[in-house]
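Below are structures written as structure tokens.
Next, two complexes with subunit A in common: one pairs it with subunit B, the other with subunit C.
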Partner chain A sequence: MEKKNNLRAWIYLAPLLILMTVFTFYPIVNAFIISIYKDYQPLANNGAGIITGYTLQNFLFIFKNQLFWISVKNTFVIAFVSVPISIFLSLFISVALKNIPKLKGFFQTIYFLPYVTNAIAVGMAFAFMFHQNYGLFNAILGWFGIDAINWIGGTASWTAQMGALLIYTIWSGLAFKILVFTSGMQNIDKQYYDAAKIDSASKWTVFKRITVPLLSPLILYISITSMIGALKAYNSVVGLFGIQMGAQPYSMMTIVAFVYRYVSGYTDVGYISYASAAAIILFIITVVFSLIQGVVSRKRVHY
Partner chain B sequence: MSEIFVQNEKAYKRKRIAGNITIYIFLALVAISILIPFYWMILTSFKNETQITQIPPILALSPSDWKLSNYTDLFLTVPSGPRAGEPLFPFFRYMANTVLISLLTTVGTTITTILSAFAFSRLNFKGRDTLFAVLLATMMVPGEIFILTNFLTINKFGWYNIFTQTYGQAILAMTIPFMVSVFYIFYLRQTFKQIPNELYFAAKVDGTSDFKYLLKIMVPIAMPTIVTIIILNSMGAWSAYIWPALVTANDKYRLVSNGLRGAFTDTSTGRTDYGQQMAASVLVTLPLLIVFFTFRKQIMRGVSRSGIKG
Partner chain C sequence: MEIKMQGLTKIFTSKNKKEVRAVDNVDLVIPSGKLIGLLGPSGCGKSTTLYLIAGLLRQNDGKIFFGEDEVTETPPEKRGIGLVFQNYALYPHMTVRENILFPLQNLKIEKQEAIQRTVEIAELVGLQEMLDRKPKELSGGQQQRVAIARALVKKPRVLLLDEPLSNLDARLRLQTREEIKRIQRETKITTVFVTHDQEEAMSISDEIVVMKDGVIQQMGEPQQVYDAPLNLFVARFLGNPQINVFDGEIKNKEVLIGGMKVGNTILPDQQVTVGIRPEGFAVDTEKKSPFKFEIDMVETIGRDTTLIIEVESGEGGILDKKTFKAIVDVEHRINPGDMVHFKVKPGKLHLFDLSGSIL
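The block that comes next holds the complex of A and B.
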């Protein structure tokens, strides 16, 4: 057996641990502390910061803040609508890809493009495609005799704005999922499909009875991570709507945007604490999602 | 009897071909929906204002009708206002900043990743598994939790002062906090673990030091993984948006994403120049696509690995 080489290991880990202590571990602890500071002025007193005590009022401030609830609503709609749709679509696409070994690589490359683009740049392209008069979407709707929709203009309805944001979110989220599901399917034993062929099972039956059950651990994992990712929606909103975060100011606000709004107001008394409290709520939601994953994967996933 | 069999075989084949055609049409439609935003971005960037505002929209332009004015206009200098004398969209400055940030964070991340993946995979020390579990747990924490305090920390380090921030300080603020990636450590550790122990013991017998063994044996063997890490990491700076905006006091220090949004909307009239906006988007997207097509295999392999690990 090897002997323990404690000291040497810590030397190798030193750069990592120093950086993580300052920029990861300390911030996690500090976020909780800041969230209960009363009247926190972080840079006052020559950078030492001033507080007048400890309080839970920061959380109350957020819960009473209408903008926070708008953010929560938008974020949850994004997560609960875009994730299931994109998971289902990408599963479907991956299965179709499996059937055409010849052009698979070609299509996979195209489908992967949204992953390697800049969310702001492509978001702006989408914004122009959603333009009420000059946009492509309304032109296409026009071919089918559907009236032009005000997707993201100044007076656009919440539903239209959210529709546009969801289309963009799903478009950009497919790439990763298709890639992961196609690689996952390669690991499924061919014997199952051969057996299905002998029983002349239909494609839908094969999809339902073989592909989905055998991929279920992966599907669950991707669902949860995508949910957590969707809860952090921000760049997509900036790309589509600009820094006013919506067709009307803040109409498409998300939780992360709410946090940043108060971070950038850090010179105002207590703002960093509000941002902290909101970030902690986001953290708690994330943890709940991960716990759900843990429980469900133990109970319901077929192996 | 045999005839029926042949007929069945033919019917089966016909059904299969019909099925395959449906699949191809479906996949082609998906491919078109994926490509349309890129197409629209490029097309719009080559239109002049009257073409852009035409109803119904022009769906295609022959190359002889392409206008380059949207691109050349990006480099015209702003006549007045706070940014007087600067190009309308300082693409090359933002690019240079982005490349520099990308380079520095990648060098830093690669070094910390190799050193710690080595410790976690090869060295035996007290608390190794606990520490590794703690690192993995931090991946679950939303980035906003860190950003709050890191922003204050950067302030306390004196790297962000609205009035006195220098270029060097801005660079430090944008790079130092991002020189660690738990995911890449996890990824490289997997690769390192596959290297047979015998190699290590043989090297030890020869009196090779750990560091030399890491550098001369492990790193070369794990090179494909390390290259993937380098590529994926260096692409990150292109999408960085909020942090550079938070910690830079001067427009000149920012990255490509920051300059894009809002630069082409006249603040007084609220009118947006879509042609220029799309031209700038094309310029920002292009380098990423070039990198992607050059290293397609490594990138797709690396990204798919990140999804499979669960």
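The block that comes next holds the complex of A and C.
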């Protein structure tokens, strides 16, 4: 009986397993292999590809590549600035939404819109909003007497470009987090809040000592997934700056963009191997950060 | 601290705009330093009353006083109440110590004093060994005591408990109710607790308040309410086994059930509802009483014998059931099939008019 059920389970799982093997597991393993090919020419030999041996030189090539380090720096800034800010903001907005029951549906829709809107389209809209002379952001700054900032124009500073990119990244990431946090809050027993009220807790105390700890499993989940998402930043840069990847060429380069740059040059000798090597480095970075988050949060997450 | 309610009313409006008067024009004075049980069937408004006292619900009308202090518009955190929730609402991510400290930290009590008070209260409820555990590592009874400690540690004026025993198993329930009574006696804090269990209310309360449909039916010492119910609802609600209720009439100063005389009265002739508690019957060994029945079942437990009498509908004027029960002394040696003549003990005949009010 048990064996039969086992077989049935495998049959149910088969479609997913087959797809994942073809499109996930095989490419991962293959990337590891390609990353150590020497002088790989994928189209040579009538498409069978030729190599001249195995080597770790591909990784060395990447570590010596200045563009790679620009990508790493940009990616890390995006991840370490946007993730905490967007988590805090979305927690704050979720609490605020909870306190306005009447307009909640309306605002939830507004906050959720970015999630269902195409990232490139939104990025282009943001690009216009960051325009030095006609953009919304500079208009708002103007109300406070602040001089117009060259956010994304041709001579924009790295800081201004990164600022614009972070604003866009944080904003577009809010939707999903708010959705998760508001539904998580609905699962918190209302009696905890009644008890806290009786216990004379201030709103800030309630947030800090009751809402956040009780949401902590979700906060961990969101921080890991959005950290992974931020480390894979790419289309936000394309949306905001176009394929030039920055106000100056490559100034806002990210690791995924670096990978893509070499993938798109696949006809050149060894480029696919460089791309694979960079992808594997990104993979290792992602795994390490996720593990660190898991360990650090172990004491702070209450299930 | 005396709690006084004047014309207290709470109306809930359901989705189809139907109004429910959960608490209806309640006037009630809860004396200072007493343990009071709010008792009634579910939906009678007892919990709503408790949450109105706590301030977690807002009344539609009426006033609430703590002593001379009107607290009608005072938010819950400023009322000086301790509330123990039905499922305790202990913060699951905090240890017992942190749970108890939480209200003190919010009140900005100096750290040394807060720690000392936490230890003192833990000793009062017998939890000093458990301070570093998380709530889920405690038994239901221990969690209950943490909740009481958390409510008491800030020295509230009033302690409120919502169904304090309903989440405990039978053995713990007996133990915990003694515990609640002891803690209340030691702290002398005015305590109101809500329950649907009449035995629980009667066993630990100084006074009970019986509610039905948002209206107070009767208030008094448990035994007094039991012995002299003001209406049929209270008579039926208190007592296990339930009171026996018969259709009866008064004719020429005699109380008759199904034409059989069960007692005398000074009231004028009329149709009445007669209530007799099972232990209100006595066996007439001289077999003179006309109130006689054939016994269908006999249950003997200890020193009591419960006689169960089945009655054809209409026969004997049984009102709401097909059987009634009498508890008599075990010495009578009654067997099923015996014909027993019953007398009603003095003061055990409760006469109600047809609307259910005591006559």
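Here is the rule we go by: the second predicted complex is superposed on the first by the 277 of 303 C-alpha atoms of A that agree within 3 Å, B and C clash if a C-alpha of one lies under 4 Å from a C-alpha of the other, contacts with A are read in each partner's own complex, and residues count from 1 in each chain.
Throughout what follows, a residue touches a chain if its C-beta (ideal position, glycine included) is under 8 Å from a C-beta of that chain, and two chains touch if they have at least 3 such contacts.
Note that the structure is predicted; figures quoted are calculated from it, not measured.
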Between subunit B and subunit C, whom does A:189 touch in the aligned arrangement: first, second, both, or neither? second
For A:133 in the superposed arrangement: first (subunit B), second (subunit C), both or neither? first
Which partner, subunit B or subunit C, is in contact with more residues of subunit A? B
So, does A:277 touch the first partner subunit B, the second partner subunit C, both, or neither? neither
Could you look at A:205 and tell me whether it touches subunit B, subunit C, both or neither (first, second, both, neither)? second
Can A:171 be said to touch subunit B (first), subunit C (second), both, or neither? first
After superposition on the shared chain, which partner residues are touched by A:62: those of subunit B (first), subunit C (second), both, or neither? neither
Residues of subunit C touching subunit A in their complex? 54, 56, 75-78, 81-83, 85, 87, 89, 91-94, 102-103, 105-107, 150-151, 154
Contact footprint of subunit A on subunit B as seen in their complex: 19-20, 23-24, 26-27, 30-31, 33-38, 40-41, 44, 52-57, 59, 111-112, 115-116, 118-119, 123-126, 128, 131, 135, 138, 140-153, 155-156, 176-177, 179-180, 185, 210, 235, 238-239, 241-242, 246, 256-257, 260-262, 265, 274, 277-278, 280-282, 284-285, 288-289, 291-292, 296, 299-300, 303-304, 307-308, 310
Show which residues of subunit A lie in contact with subunit B when the two form their complex. 2-6, 8-10, 12-13, 15-16, 19-20, 22-28, 30-31, 34, 42-43, 47, 93, 96-97, 99-100, 103, 107-122, 124-126, 128-129, 131, 133-136, 139, 142, 171, 174, 176-177, 179-180, 182-184, 203, 217-218, 221-222, 225, 228, 231-232, 234-235, 238-239, 242-243, 256, 259-260, 263-264, 266, 272, 275-276, 279-280, 282-283, 286-287, 290
Taking the touch rule as given, give the residues of subunit A at its contact with subunit C in the complex, in rising order. 189, 191-192, 194-202, 205, 209-210, 213-214, 216, 302
